[in-house]
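Alright, structures below, take your time with them.
Note that subunit A is present in both complexes that follow, paired respectively with subunit B and with subunit C.
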Partner chain A sequence: MMKAYFTDLEAGIVKAINDGNSSHRKLYTLELARLGKRLYSGTDPIAWCGITAPFDLLNAMGVTSCFVEFIGAMLAATGVVGTFIEETDHAGYSSDACSYHRSVCGAAMKGIMPVPEFLIGTTCPCSGGLAVLENLARRFDRKLFVLHVPQEDSAGSVRFLADQMREMAAFVSRITGRKMDGGALRKSVEYSNRASATMREIFELACRVPSPITSRDFSNFGIVMALFFGREEAVTIAESYRNEFKKRIDAGDNGTSGRKFRLLWIQNRIQFRHGLEKMLEEEYGASIISDELNDITWDPIDPENPFDGFARRAISIPINGTTEKRIGHLKKLARQYRIDGAINPCNWGCRQGAGARGLIENGLKEIGLPVLNLDVDCVDSRKFTEGQLRTRLEAFMEMLDNREPLWQS
Partner chain B sequence: MKADRREEMKTEEIMNQNGGAIGFACAYTPLPLIHAAGFAPCRILPNVDCPDQAGRLLHDNLCPHVKRILDRAMSGMIPDLKGMVFMNSCDSMRRLHDAWKTVMPDMNAVLIDLPAVSIGASLGFFRDELDRLSQTLEQWGGKAIDDAALAGSIGLYDRIASLFTALREKAGRSDLEGGWTTLQKAYNRASVSPPEESIAFLETLFLREGADIRRGEPGVPVYLFGNMLPEPEAFSLFESCGAQIVADDLCTGSRLFAAVETTGNHKLLGLAAGILQRPACARTFREESPGRLGDDVAAGAIRAGARGVIGYTAKFCDPYIARLPGVREVLKRKGIPFLLLEGDCTLRSVGQQKTRIEAFIEMMR
Partner chain C sequence: MYYLGIDIGSLSCDAVLIDSGSAIAASVVVPTGARNRESISRATDEALRIAGISRTDIAAVVSTGYGRDRVEERLSSVTEITCHAKGITALLPGIRLLIDIGGQDSKAILLGKEGGVVDFAMNDKCAAGTGRFLEAMARALQVDIDDMSDMDAGAKGEQSISSMCTVFAESEVVSLIAGGTPVNEIVMGLNRAIASRILSLVKRTTPSYPDVKIAMSGGVARNRGVVRAIASLMGHEVAVPKDPDTVGALGAALIAKEKSTLQRRAAVSVSLSL
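Let's turn to the complex of A and B:
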């Protein structure tokens, strides 16, 4: 089912591009489809991972790797997630758990998760994600390697994580029989650095007033780009985004005419089809121009000694560490993007993300930024109450409309 | 206020009159280290009646253990602590640390990282974290910790662990006056008392040996595992339903007072290894045998001679939520009946499930 889905998706996009209908978003989706196709090819060595695994390292070692939440998001996007979540209900999984993880477990139980060569668990971002990888390792009877991502950004933490990543590379070699090729690793790091540098440019362009981007442009962008790190596609996609935004700026096209409000989306987007972003843009001239996870929080990685850089990158991401650090990052984004209001979907079941909603709301209030806390299950569309959410968003937008602008023009 | 709680508050007062108390919330907290620094470790238990306010800072779907501890802080119902030590055991505990700093901005607080697996580099990293904690405790007014002091404190806590082992055996034989209810009261008292006082108190429980050997129809032997169940009356409830608890593996029970087996000369490394390698809660596992929790629960039940297993977990606890289906599967395969209860660390949440517990026990008779 998934293999056919990704194959059809790839074919459809390739046809559209060949017909002269190319776009930055199409290139991004095309590579997503190709990644999905590789995962389900049955020929590539694959690894299921946690979100903060060093995908460029795994790509350099010839392993097609992916965080498991990607499958949850894909099942949600295709509208079939309910079947898989129900499977976990029958097996005794609590409905209080994160739906990304429940859907992945359901997919494994129903046999639509390809059996990996091995698994890489990461302690960041969440306890639930690591537990799912442990479960999958048992189900598939495959070896699991766990990367403990320390909370503190210190020299000791970097050394500890870098050493674990070296051990991880040795673990991968033992399983796949492929030795680490120094040249391939250097090239991989160079691709990651080029992609990251271009992503910085993209985010700077998005900060412009008016911003050249629409709500859809950045949906899942930062988190998914990590999967392409170490591959040329990452550079291609990033450059295509940059070129598109430059073109829009040069053409004086800021996306939606008459747009007024600049919104910040906290953590993940809603993964299934819904009409809220369209409603915000069309009825209120409001666009999500920044997402919490769309940022480059690390320095370029040294291709000659990449492990410390890989470690610093994993430790630096905003959802690792204290909520204080996270709030600091959100404040930075709010200032850079001149944000009018923030929306926190508070994905049900996400202790890491939604857990701190009151702290985040209070923290952003310190700079005068209003936050709308929703209660959404970002994966399980069966629980989606669009009407109620629409009312909350409408009230929030009316409130923003009646406020003095937060930032001086 | 309940009598037990009054007793705990009294103990907390005693601690404050001595070297001062350091609060903690998680069973992975290195109690000997805190004691070696001259402080008395004092667990902030969730079973205190106070207004529900934590939702202002933490989402409704967060662990009730964590939220009740925050409720205590927000209501001013905590002892006068010199500081609070949090372990990075799960997402909720991290969020508690974050919220605590907001609610108690003038109180010392530290978050100590805790590896999810206990092999290789993790031990060295955890040792470094314990070293950071010892330095932090010194900054908070504690003594510099040397190996001799640490060895002495580890010895005290190992003595507590061995006393509890003996008490559990007595309770398992129905030889302990008050049964598992008495044992849970002892766990609670020891978790808020200096170790010297805990040892003295626990030793008095042995003086009453044979005073109240239970007669009549024996209960059905049950193994109890999970996380936070500090209410002693909950154990009375289990027993009133016909269960005879023969062993436990709970954060508020045996897991907090497990012996730390230190080897070698480096005491801090030994403490790190001892903590990581003792009976694990769901959040700590072995890479080489993933999904082992079910096997461990089954082994614990068989070893204790239990005919059934009751799991009690706080709602929204991800480490357990994700692993319970695996536990269920293993127990089913081994033919061991299993009842899972979820609650909010209060007696009320267990009491509501009395009929289920009775039916479960009846089924095994």
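Let's turn to the complex of A and C:
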């Protein structure tokens, strides 16, 4: 089912591009389809991973790898996620658990998760994701390597994690029988660095007033780009985004015309089809121009000594560590992007998301930034109550309309 | 000229007509029922009858409430949060914190000096602590919901309701009845449970609530026991306007007047510039 879905998706986008209907977003979706196709090809060696695994290292070793939450998001986007979540209900999983993770477990139970060569777990960003990988490792009878990501950014932490990543490379070699190719690793790091540098440019363009960004542009962008790190596609996609935004700025087409509000989306977007972002743009002139997970928080990685760089990158990710660190990062984004209001979906079942919402709200209010806390299951569309969410979002927009602008023009 | 505000909630459809001096000419509450459009027509017709005017006398309509987009004649729709803020400021000037408990949601709204919304918090998905919750509890107690208002009289307040899920709370109430707990103690327990839920919304929006004037609107504000429980838990007086369930519709009518005036001014300025 998934292989056919990704194959059809790829064919559709290729046809659209060949018909002259290309765009940055189409290129991004095309590469997602190709990644999905590789994952479900049945021939490529694949690995299921945690979100902060070094995908460029795995790509350099010829392993198609992916964090499992991607599959949850894909199942949500295709509108079939309910079947898989129900499967976990039947098996006794708590309905309060994260739907990203439940859908993946359900997909494995129903036999639509390809059997991996191995699994790489990460202790960041959440213990739920690691539990899913342990679950899958047992189900598939495959080995799981766990990267313990330290929270503190220090030389000792970097050394500790870099050593684990070296061990991880040796673990992958043992399982796949492929030796690490120094040249391939250097090339991989170069692609990652070029993509990261271009993403920095993209985010700087997005900060402009008016911003060239519409709400859809950055949906799932930063977090999924990590899957392409180490491959040329990462550079191609990033350059396509940068060129599109430059083109919009040059043409004076700054995103949505008549825009009034610049919004920051906290954590992850709603993964299934819904009309809320369109409603915000069309009825209130409000666009999401920044996402918490869209940022480059690390320096270029040294191709001659990449493990320290990989480790620094994983440690630097704002969702690794304390809520205080997250708040600091969100405040930075709010200032950089001159944000009018932040929306926190508080993904149902996410302990990190829901548990931190009070602290995040209070932290952002310290700089005068209004925050709207929602109560959304970002994956399970069966729980979606659009009317209730519309009322909250509309009231938030009316409130912003009634306030003095937070940032001086 | 008259201005009409319609608030289509989950339980009731409210209509308020104001005249050009913002005085209330008619105020109507009808059950929403299963057909929104019928209840909108019924509420509108009744308001027109009371005011003794015809539809052509209405200059503008603004709708609010969950069914706000069902009002075809609307100039615009505005959320109930903004409308309740507007309405309560007209009725009770100086209110800075408004607690609104409607049929399926509850809100704490922090108001600015002019009655604009500064911040707000709403209940999450669960409808516990709302009008629907009280309806379910009245059913479990086999009493009329309107009679629940003073049923807490004489209670010592020793019975807490541990579950705030509507379904579980209903079975808890049934168990308490079966165990011989006096009805007044159960009702006070329910009122306190609602108050506790409201207090968390209040604290999120208005940490300085002990220092500001507080009011309550929405249909549940008619329940004196709930108002008493909220006031007691907050240690603060809670004002209730004479017609708490039409505060949102009044706010909508006032916004209809503002918007209509702005539109007329804009039209005049365009015609002058031509």
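Odds and ends about this structure:
Following the convention adopted for this analysis, the second predicted complex is superposed on the first by the 409 of 409 C-alpha atoms of A that agree within 3 Å, B and C clash if a C-alpha of one lies under 4 Å from a C-alpha of the other, contacts with A are read in each partner's own complex, and residues count from 1 in each chain.
Here is the rule we go by: contacts are C-beta pairs under 8 Å (C-beta built on N, C-alpha and C of every residue); 3 or more make two chains touch, one makes a residue touch a chain.
What you see is a predicted model, and the numbers here were worked out from it, not measured in a lab.
Overlaying the two complexes via subunit A leaves subunit B and subunit C side by side, clear of any clash.
Touch criterion met: A:Pro370 reaches subunit C, while subunit B stays clear of it.
More residues of subunit A lie in touch with B than with the remaining chain of the pair subunit B and subunit C. In the superposition on chain A, A:Ala97 contacts subunit B only, with no contact to subunit C. Judged by the touch definition given at the top, the superposed model places A:Thr385 against subunit C, while subunit B stays out of reach.
When both complexes are overlaid on chain A, the residue A:Met399 reaches subunit C alone and has no touch with subunit B.
With chain A used as the common frame, the shortest Cα distance separating subunit B from subunit C works out to 6 Å. Judged by the document's definition of touching, subunit A residues 358 lie at the interface with subunit B and also at the interface with subunit C. By the touch criterion given at the top, residues 66, 78-82, 105, 112, 116-122, 124-125, 204 of subunit C touch subunit A in their complex. Across the interface of their complex, subunit B is touched by residues 88, 91-94, 96-98, 101, 121, 123, 126-128, 130-132, 134-135, 137-139, 143-146, 148, 150-152, 156, 160, 163-164, 167, 322-324, 346, 348-349, 351-352, 354-359, 362 of subunit A.
Listed in rising order, the residues of subunit A touching subunit C in the complex are 358, 361, 370, 373, 375, 383, 385, 387-388, 391-392, 394-395, 398-399, 402-403. For subunit B in complex with subunit A, the touching residues are 55-59, 61-63, 88, 90-92, 94-95, 97-99, 101-102, 111, 113, 115-117, 120-122, 124-125, 128, 282-283, 285, 287, 290-291, 315-316, 318-319, 321-326, 328, 340, 342.
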